[in-house]
Structure formats: structure tokens, C-alpha cells
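Dropping the structures in below, format is C-alpha cells.
Look for chain A in each of the two complexes below; its partner is chain B in the first and chain C in the second.
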Partner chain A sequence: MSKTKEVKEFEYPPKVTFSGVLKGLWQTSKLDVLFHSLMAILLVTGLAIDLLGFVLGGALAPVRQILHGYLGAIFTIIYPFYIIKIFYTRKIRMLMTGINYLDFLLYTVLIVTGVTVASTNQIWVDNLPWLADALSSLRQYAPSIHTITTYVWLLISTLLPGGFLHGIATIYLTSIKGEND
Partner chain B sequence: MSTPEFLDNFNKKQVSWMYACSKCGECIDECPVYQQTSDNYTAPGFKIKKMRPIINKQLLSFTSMPSESEIKNLTKGLYECTLCGRCVSVCPYQYDLVELWEKARESAVKMGLEPTPIREMMETTLTDKNFLKRPHERRKNWTRRLDVPEKEGAETLYFVGCVTSYTPSLRAAAAGVTAILNAAKEDWAILGDEWCCGVPLKFGGGTERFREFVTHNVNLIEASGAKKVVFSCPGCYRMFKQEYPKILGRSLKFSTLHVAELVNEYLKVGKLSLKEKLDEKISYHDPCELSRLLGVIDEPRKALAATSTTLLELPENKINTHCCGGGGLYKGVDTENSLEIATKRIRQAEAIGSETLVSACPSCVMNLYQSARRANSSVQVLDFADAISRQIKEV
Partner chain C sequence: MEYAVLVDVTKCIGCRGCQVSCKRWNDLPAETTTHQTDWTNPPTLSYDTYTHIQFKLDYNKSSDTTTWRFLNWRCMHCQNPACLDACPVDAIVKTGEGAVVIKEDRCIGCKYCISACPFGIPQYNAKLEKVSKCHMCFDRIQDGKEPACVQACPTDALVFGQKTTIIQKATQRKTQINGYVYGDVDNKPLGGTGFIYVADVKLQTLGIPEVSEQTSIDIPVMTNSKLLIIPAIAGSLFYLAAWRKRRMEE
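Entry: the complex of A and B
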């Protein structure tokens, strides 16, 4: 018999709470917590930069550079580990759908174009000439691809059961109290 | 097959559970049926994956439906489940998958997709008021040669349940409850016309007529003026405690408790005296519905600890109990694997050196007993009430 998970507390019928979801996420996988948190921050800050940029202009520089930029860099670093974990875990692979794989493809596009945008005129890229070469042809189109891909991801994930709908469903469940909401 | 209507009975909350599922797979590792069969369609998360496109189709007509064979496999998988609730308890987000499976089975019945043994069980429940294809008039046969009162106005009623009423090998369980109630000098009786609690309809998906059973039993009990109803079957107990009030839209006018809770109470107040402890290694198998879904965990242990010098703990116990394979009508659709799951439990009992394995559920006792015999195990399987009644001190 396989090793079993020991639950410390449980009450039936269970209640879905926001803290419970966070706790569950944390207990299941710290990598997932990091991945999901960063993804949410990057989405919100990305939309803010795109939608509010023409109004707030330079005031958004810290958001662009620190929140979106540096956190994006962390996301880029952890993403391969996340993908490896998914592809190496049979039970998770069993549950993945075509939309999930499309999500991963879109994340990859976002990462590549994001790194391209971030590498423009940055000193660190001088130390990685191979990367600068690889990204040079993309530089002109990267910002547009990055933005368009975000909206494509949002559209697909909203219309089909992708990440965005998953997030909305979770938030809805943590907000309801009644039996038949 | 007109499939877009399949699963159209989910409410917003249940639909959200399916989309909110993070695909962590925790439920897959822990499902007793999937552990046994390795069939993807028995894995809880996989079933959600296969159900989601059907919901998508209802919400967004341009999306594609699963194939007919996938739907058939999914329906089969919905019934290849013991409804033990292990998937709910390990779900990091606490989505009520037991409710989800029950609702999905309801939809399967509406589409006529339920397996034949399930359909037969539900039909016989409706006609004979029990799911075991036994004549209703023989329901009280177990009372022969026992001091079982059947009278009006008793303070306590014993709701026996179908499995205990009709299974000859479980007569000792009903006789045990009788002995306990008599020894405690309880003012008790059985119902004149007890019907099945309705669990086969609820679990099978035939909930449309579940209400008839609820109202019959509740009306009869409330008219009798009983203040307390005792159960030896956790399935019946859970129906009364969790489902009946939902169906009726009100709380019941009597309290409900399992015989393990009652015995524990009797021992506490001294209404029941037990003989000297047996020098026997016993262990207790937590029935899923009683421990995980109803939270009755310590009471049977305390009572059993008063009967034996050595009460051993099985691995996977209390809320983490491993299903015996006999719940959720699973045995009706896959008897072989149901018994194999029980055999694992028997082997666990053997491994800890248990001589007697006690459980407080007639279905668990039946399944464990049958698998112990099949596996030529020396472990004796006993019902909780039977085990307690053997130790009652005559006064």
C-alpha cells in the first residue's frame, strides 16, 4: 500500500475559506504558492502598466521596474522547476488538459518576450552575449507580443477552463456561505 | 445519447469546485478504489477532468463534448467509488467531492446511465423498502427469540437499518444493541414500520424519491413521541443527521446518536457495567461515514478499551481511515475489488497482531468478515455492539 497522507483536522461538510485555500496551497507545494503569487502579481501589474500607462506615465516606473520586472525575473527562474515538477509527476500529468499545456506555452512566450524587453539597454545582458544575440531579432516586436499574449491568455483562460477561470472559481468559493449559492 | 444534459444539475458552487480544482492530484494517491484498480476513471481528479468539458459545453456551445465511450467510462467511474470521503479530507482546498459524486450520479440516473445493479438496488428499495431484495414483512425477523419491545411512547427508538435487519450473520449486531439497551434499562422500542433510510437512493442517484423515505421515517418517529433515535449503521445515522434536515428544510424533533456514542455515555454514568477486561488483542476499524464524515472517533475506542486489555491502532485510522471497500454501493458494481480492498485492511490488522477486528458499521463488518474468510485470515471480525454486549456484566 502506498504511503498515505495524514490529515490532522477535518470536519464534514467542509468549508472553503480563503485562509484554508492558502494553507492548502502552502501544504501541497511551496513552489505552487510562489508560482501562483508571482503570476497574480505579474498579471495585475502588467495590466496596470498597459491600461494606466497613458494616464500615470512615469509614475508607474517603480511598478514596471521592481514589481513587474524583478518579480518577473524570479518567475522566470522558478518556471522551469515548476514545469519539471509537472512533467515528472504522473498524477499531475494525468490531470492536465490541453488548455493547461496551452497556458504553459503562453507563459513561455511571455517569459521570452519579457526577458527580451528587460534586456534592452541593460548592463547584465553584456555578460551574456549569446542571449543578446538570440533575443536581438525579437527586440522590436517583443513588447507587442508580450502584451498581446497576455490578452490572448486572459481570453483563453476566461472562455476555457484555464488559469484565470480557475482563479475566479476559487475566489467565488471562498466568498460564498450559503448551501446553494 | 443526448449528453449535453448530463451533469446539468450542478449548482454554481459545484461547477466552481470543478474549475477551482488545482490538479494537485492529492485525491488520486489516496483514493482506495484507484489504489486497488489503477483505472484512471476511478481517480477523483481524473473524473473531474472528464466532467469539466461536459459543463463547458453547457456554458459554451462551441466547445467539444467528450466521446460517447468517454462518457460511459466516466459514468462507470462515478459508481466505482465508495463515497468514503477520503478525497475530500485530503483535498487541500476542501472541495466537497462526496456531494459532487452524489450529484453526478443523480444526473447519470436522469440520463439512464446508471449501472444495472444500481438500478435494481434502487428499484427494490422503492418496492420492498430495502435494497436487499427481501420482503418488507420479514424486516423484523431478527427480533425472534430476542427481548425487543415494539410499543408506542418509548423514549428511545432503535433504527435498525436494512443490512442489519436482513443479514443473518449480522443478527448478532442487532442482538448486541438489544442487549445493551436492555442492560441499561432504557425505555426503548423499534419502529413498527421502519423503512430503509433511503441511502441506496441517495448514493445511487435516485434522489427524486428519496423524500418519500425521509418523510415516512421522520413522521413515524415524530408521531411516536420518541426523544432519541439510536443507530448501529453509520449510513442511516448520516442520512438522519446530515441529509434529512436538508430535505425537510427543518431540524428533526428528536436527537440522533450512534450506539457507540450511547455506550460511551452509559459507561460514563454507570448505566452499563462490563465484565473484567479480556486478555485479547483487539483493533478498531473506523467506518468512513462514522469517523470521517460524522466525527465519531473517540467514543468507540473508549468503550472498546473497557472490554480488552489491549486495544491496538490500525494504520490509517480515525479521520485518515482506509475504507473497507464496502461503501457507496461500490460492492454492488465491483464485488471482487470491494473485497480486495477489505483484504488490505485485514492484512493491516494481521500485521499489528490483532486477534479481533471490531467495526461499528454493518457494511464494514460484512465486507471485512467476508474478506477475512476468503483470505483464510485468523482475524475475527466483530460488530461493535456485539463486542460490547459479550462483555456486559449480568446484574
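Entry: the complex of A and C
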């Protein structure tokens, strides 16, 4: 006697839910979760400092120090691994557009200028004279480049569909509650 | 009313009285330093040293003579401070008396001011995550007193007064010694400075940098770049509306 296997009806396009995206992303790649979470935190905290600084003032000190500073340092460390993963994973490469590569270029600029700002007048950089030398010429312009690049990236990656629009789309799609959520 | 300080390099004897009085008035701790061959001590400004005397030994090869010059060095209190424009949290203010002051309670330690200052003045403390610098004793000025460094100077190398008077004195002194002025007469770095130098040599030869009258172009571009968020938000809203419309149609 043959058993008939019940197959759940498959719905297309599938319902995208917040929990589903998170579960899937976590199961597929923890590096992806880390990269995207840190990116979102760094963007939100950076914008908060720049746009709300005149109101919040000193209250932003821990935000700048911990959420933007230390988490930024972790992002800087994992970023090369993420880039390597992107370039070595064919499936992801197939999804990438030209704007995504431009996004990566701008993230790199943000990382280099962020490290330069962090190294200004810092004790830890004294132990790395080669790094201090390498960054010294950039030091004067690093804050401006860091800030301007953020807004340029926001604009480019929204109007020409890139990283930021991909983020907005994810928030929009996951905000629509699915039946299984 | 705006005030200024005249720094007469030809009168300074390098006694460091200004350094000590600054430390005393601001209750700043002493620092462990090392002996430097150029005698400048502490060798640089720091979070706990708002002002110091730079010792400059000038050797004239043709006459085989050496001349000591002493340069009082601290914040220049610019008319249009680049540090103020660069600060994202409005922690730096320019008082009506002309002093450029860092409000430490608002400072988030982002170090944008350090990068922006062409004179390299603001100093960062990694433990406190704050930046400090000379505040021209704005609290004393508002109380009708002169800055602590000026009061302590035994040779009147530092003279405090209304800015217009100080500019006049600087011009007169320049003529007397056939010298040079740096600050608000021959050139106006960042719109002019609250500390105006007179010396018998060009101040640039003593290490004061050439600074243009305008703030570096990248700072106004940086402060205005936040306007780009408007088209970015508009674009996002457009996409959201388009997605929603398409979804409703489906």
C-alpha cells in the first residue's frame, strides 16, 4: 500500500514575515545577521548624532562611544570577512548590482575615515606608528568625508536602488504581518 | 563687548608664569614630563594643559648669534572658529566677549573639532572621552577680571583689553619694533583671532601655521550635506508608495 505524502500548499510569492526573515538569515549566515544589524545601528546612531546633536547634546556621549564607536570597531573587523564571503559566494554575486558594489566602496570610505577620526589624539594609535603615519594626511578631512559620504550613500542607494533601499524594502515587507507570524 | 589679548613675543622671558596661573585657576593637575632638548615643557598642549610656552632658539648663521624667543601658545579664539562649525552637538560656543568655549557637559568626544582646528589646539582625553582647551577665562572676564595668564605675566608680554584697543596697540608695537603682527591686522586667520601676536620676526618662522581667512571648504560642505537626506527620504517615500499601490492592485 502506497502512502501519499501530504504536501502543504505552496504560496507564491511566499509571505515574507519578520520572524521568517530573521530565522532564515540566522540559519543561512550569522555573518549576514551581524553585518546587517551593525550597519543599521551605525547608520541610525550616526544620523542621531548628526541630526539630533543640537537637541540631545551630551546625552549622545554613550551613543557615540559605545553604539557608534565600539560597535563600529566590531563592524570594521567583520567587514573584510563579509566582503570575502560576498566575492566567494556565487549565489550572492549573482544578486549583486553595480550599485551594491558602489555601496561597498562607500562603506570602505566610511570605515577608513571612521578609523581615522577614532585615531585622532588617541593613545592606542601611538603604539601603531605605521597606522598613525598612514592616517595622518587624512586626519584633517576625515570627519567631513565621513559625514558627507554617509549622506551621499543614503541618496545614491535610495534613488539608484542600492543598500539603503534594500533596507527600506526589507522593513516594509517584514512590517506586513503574515498569516504564520 | 569683544576682548582680545596681545602677545608680545619680544617681551616674553619664558618664565612660564602664565602656564602655572592657568593650571591654578582651572584647577588642572600637573603632568609628568620628560626633559626636552628644546626646553618646552610640557612639550605639547594636553587635556590638562591649556597653555604653554614654546621655547624657540634661532641661530643666525651669518652673524653666528643665537636668539631665544618664547611663544605663549594656546587657543587663538578665532572670530569664525572652525571647531565650532564642525561640532555636531553644539558643544562649542563663542561668547559675546570673544572667547571660544567648550561646554564639557555637551561634548561627546567625537573629535571633529580636533580635526577641524588648523592650529591643532583641542586636546582629547581618552579616559573621559572629552575634549578641552583654553577658554580665555571667560568666567573671569564676565566677572570684570583679565584672564589668569595675563594677570600673572610679569613683563606685560600679555596684555588684555577691548579688541579695538588691542589691535591699535599691536599696530603701534609693530611699528616700534619694525616687526610683524599675526592675528587681526596684516592677516585675519579664520576671520581674525582673539590672541594677537607681535614679534620681531615673521610668526610663521616660530611655527604658527599659515591659516586662510575662510574656514576650510569641507566644513560648510559637511554641515550642509545633511540636506541630502531630504531627497533620500522623498525617494524612500516614493518607493514605499509605489510598492503599496502595486500591492493593493495585486
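Here, the second predicted complex is superposed on the first by the 162 of 181 C-alpha atoms of A that agree within 3 Å, B and C clash if a C-alpha of one lies under 4 Å from a C-alpha of the other, contacts with A are read in each partner's own complex, and residues count from 1 in each chain.
Here is the rule we use: a residue touches a chain if its C-beta (ideal position, glycine included) is under 8 Å from a C-beta of that chain, and two chains touch if they have at least 3 such contacts.
Since this is a predicted model, take the numbers as computed values, not measurements.
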(Q) Tell me the contact category for A:Lys5 with respect to chain B and chain C: first, second, both or neither. (A) first
Q.
With both complexes overlaid on chain A, does A:Pro129 touch chain B (first), chain C (second), both or neither?
A. neither
(Q) Just to be sure I read the superposition right, which of the two partners does A:Leu165 touch: chain B = first, chain C = second, or both, or neither? (A) both
Q) Given the touch rule stated above, what does A:Asn121 touch, chain B (first), chain C (second), both, or neither? A) second
Q: Pick one for A:Thr89: touches chain B only (first), chain C only (second), both, or neither.
A: first
Q. Who does A:Gly98 touch here: chain B (first), chain C (second), both, or neither?
A. neither
Q) Which holds for A:Gly20: it touches chain B only (first), chain C only (second), both, or neither? A) first
(Q) Quick check on the superposed pair: does A:Tyr151 touch chain B, chain C, both, or neither? Answer first, second, both or neither. (A) second
(Q) Give me the intersection of chain A's contacts with chain B and its contacts with chain C, in residue numbers. (A) 159, 165, 168-169, 172, 176
(Q) Give the list of chain A residues in touch with chain C in this complex. (A) 47, 49-51, 53-54, 56-58, 60-61, 63-65, 117-118, 120-124, 139-145, 147-148, 151-152, 154-155, 158-159, 164-165, 168-169, 172, 176
Q.
Give the list of chain B residues in touch with chain A in this complex.
A. 11-13, 15-26, 28-30, 35, 40, 43, 45-46, 48-49, 52, 56, 60, 63, 85, 88-96, 98-99, 242, 246, 292-295, 315-316, 319-320, 322, 344, 348
**Q.** chain A contact footprint on chain C (complex, rising order)
**A.** 86, 88-91, 103, 105-112, 114-116, 123-124, 126, 129, 216, 218-219, 221-222, 225-226, 228-229, 231-232, 235-236, 239-240, 243, 247
(Q) Quick check: in the complex, which residue numbers of chain A touch chain B? (A) 1-2, 4-7, 9-16, 20-21, 23-25, 27-29, 32, 89, 91-92, 94-97, 100, 159-161, 165-166, 168-170, 172-173, 176, 179-181
